[in-house]
Amino acid sequence: QVKQQIAVANAQELLTKMTEKCFKKCINKPGTTLDSSEQKCVAMCMDRYMDSWNLVSRAYSSRLQKERQRL
Amino acid sequence: QVKQQIAVANAQELLTKMTEKCFKKCINKPGTTLDSSEQKCVAMCMDRYMDSWNLVSRAYSSRLQKERQRL
Amino acid sequence: QVKQQIAVANAQELLTKMTEKCFKKCINKPGTTLDSSEQKCVAMCMDRYMDSWNLVSRAYSSRLQKERQRL
Amino acid sequence: PQLQQFIEIETQKQKFQFLVHGLTDICWELCIDKPSSRLDNKSEHCLKNCVERFIDCSNFVLNRFGKTQFAAATEEITFD
Amino acid sequence: PQLQQFIEIETQKQKFQFLVHGLTDICWELCIDKPSSRLDNKSEHCLKNCVERFIDCSNFVLNRFGKTQFAAATEEITFD
Amino acid sequence: PQLQQFIEIETQKQKFQFLVHGLTDICWELCIDKPSSRLDNKSEHCLKNCVERFIDCSNFVLNRFGKTQFAAATEEITFD
């Protein structure tokens, strides 16, 4: 249950940041609909944001391990 | 009392954001006083920020209602 | 003990902000090491940030005193 | 029960207002350049569309994330 | 009572310091371009004026909002 | 004791993940210009180096601050 709460909080933070970042990257002049080119941009942006999150997570994790081994 | 506390918290958040946004828009080179043109700019900026807040509030509120009706 | 806790919280906030600000000012294209020119820049940036913090602290403090005396 | 309902409604209102503060922040930056003597039509349209498109964008992200990645991502994120 | 006073003073100090963190953030962005080997006169003046003008601006906003809109706005905001 | 250990580990994980959110934010702004159909090599290298250099920078700041100013600064900051 604690694990699940943390997972939910974490997913929420991810979704909030992703929405804000991708809105800023993809919608410069908000029109009367979210048109298909904007949707395509948001979809790509989400995938790149997930890639970045995972990459950062791995890079940070391996760095922490290296630092621990040095001590 | 709860209502009042929320109203106060809300007004504080509004004033904090308004001050920061209008300082950034109107004071680019801070001088030895807040001169009259800067004061005029801040006054207009406050009115536009209130307009925006109210407009966003109404737009968001009517969108929420539409979404509820669709369910 | 309360004093110490506050001092620690305060130093942490200072270090967090300093790190972010100086990373942004000094590392534009992150390379494979933190090279000596970047280190020099970060060192200067830290000193300037401390100067600024102290200057802002004194300016704010003296302004508060002036306002209190006017009342 | 009445008190509880009252608190629930007030909490909802507060949540709503904090989202409005956040949305105003984002749409102000996008739509307002120099503050002028009144809110012109262009800025007004921009603000309205900004709110609507932000919610669209948020729904789009939520749906897409839900469909393709939720289970996987939650696991990956949590137990990485 | 002494403990309470002590806590009150420390809380005040902490509030003060958090405002200083916020002000340093704002004025750093406005006044410091590239960090140099010492704080030059121009940056120093800019920082001092930035603090003073920010407080002026904050007081101006508070007063004006208080005079013209407080009652109305609070109602409008709260019970919209 | 087992529960305590469990909570400690979960707290650590959460701290780790919140630092990842912050780092992703900073490095995304630095390394990703326009989102494209895949993460190209340049962006990937930039992200990795960004994480490593940010930690270097953070360690550098911590060490230097510790050596030259900690005692002095803490006093100055606290009892100014």
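Think of it as A, B, C, D, E and F in the order they're written, each chain with its own count starting at 1.
Here is the rule we use: contacts are C-beta pairs under 8 Å (C-beta built on N, C-alpha and C of every residue); 3 or more make two chains touch, one makes a residue touch a chain.
Since we're looking at a predicted model, the values are computed, not measured.
Counting only chains that touch, the fewest steps needed to get from subunit C to subunit F is 1.
Taking the mean Cα position of each chain as its centre, C sits at the greatest distance from subunit D. Centre-to-centre, using mean CA coordinates, subunit A is 29 Å away from subunit C. Note: centroid distance subunit B to subunit F, computed from Cα atoms, is 32 Å. Centroids built from CA atoms put subunit E at 16 Å from subunit C.
Residue positions of subunit A touching 2 or more other chains: 3, 6, 10, 14, 22, 26, 53, 57, 61.
Listed for subunit E are residues 13, 17, 52, 77-78, each touching two or more other chains. Contact residues of subunit B toward subunit D in the complex are 2-3, 6, 9-10, 13-14, 17, 21-22, 25-26, 41, 44-45, 47-49, 51-53, 55-57, 59-61, 63-64.
The part of subunit D that touches subunit A in the complex is made up of residues 26, 30, 46, 49-50, 52-54, 56-58, 60-62, 64-65, 69-70, 73-74, 76-78, 80. Chain contact summary for the complex, subunit A toward subunit D: residues 3, 6-7, 10-11, 14-15, 18-20, 22-23, 26-34, 38-39, 42-43, 46, 50, 53-54, 57-58, 61. On subunit E, the positions that touch subunit C within their shared complex are 6-7, 10, 13-14, 16-21, 23-25, 27-28, 31-32, 34-37, 39, 43-44, 47-48, 51-52, 55.
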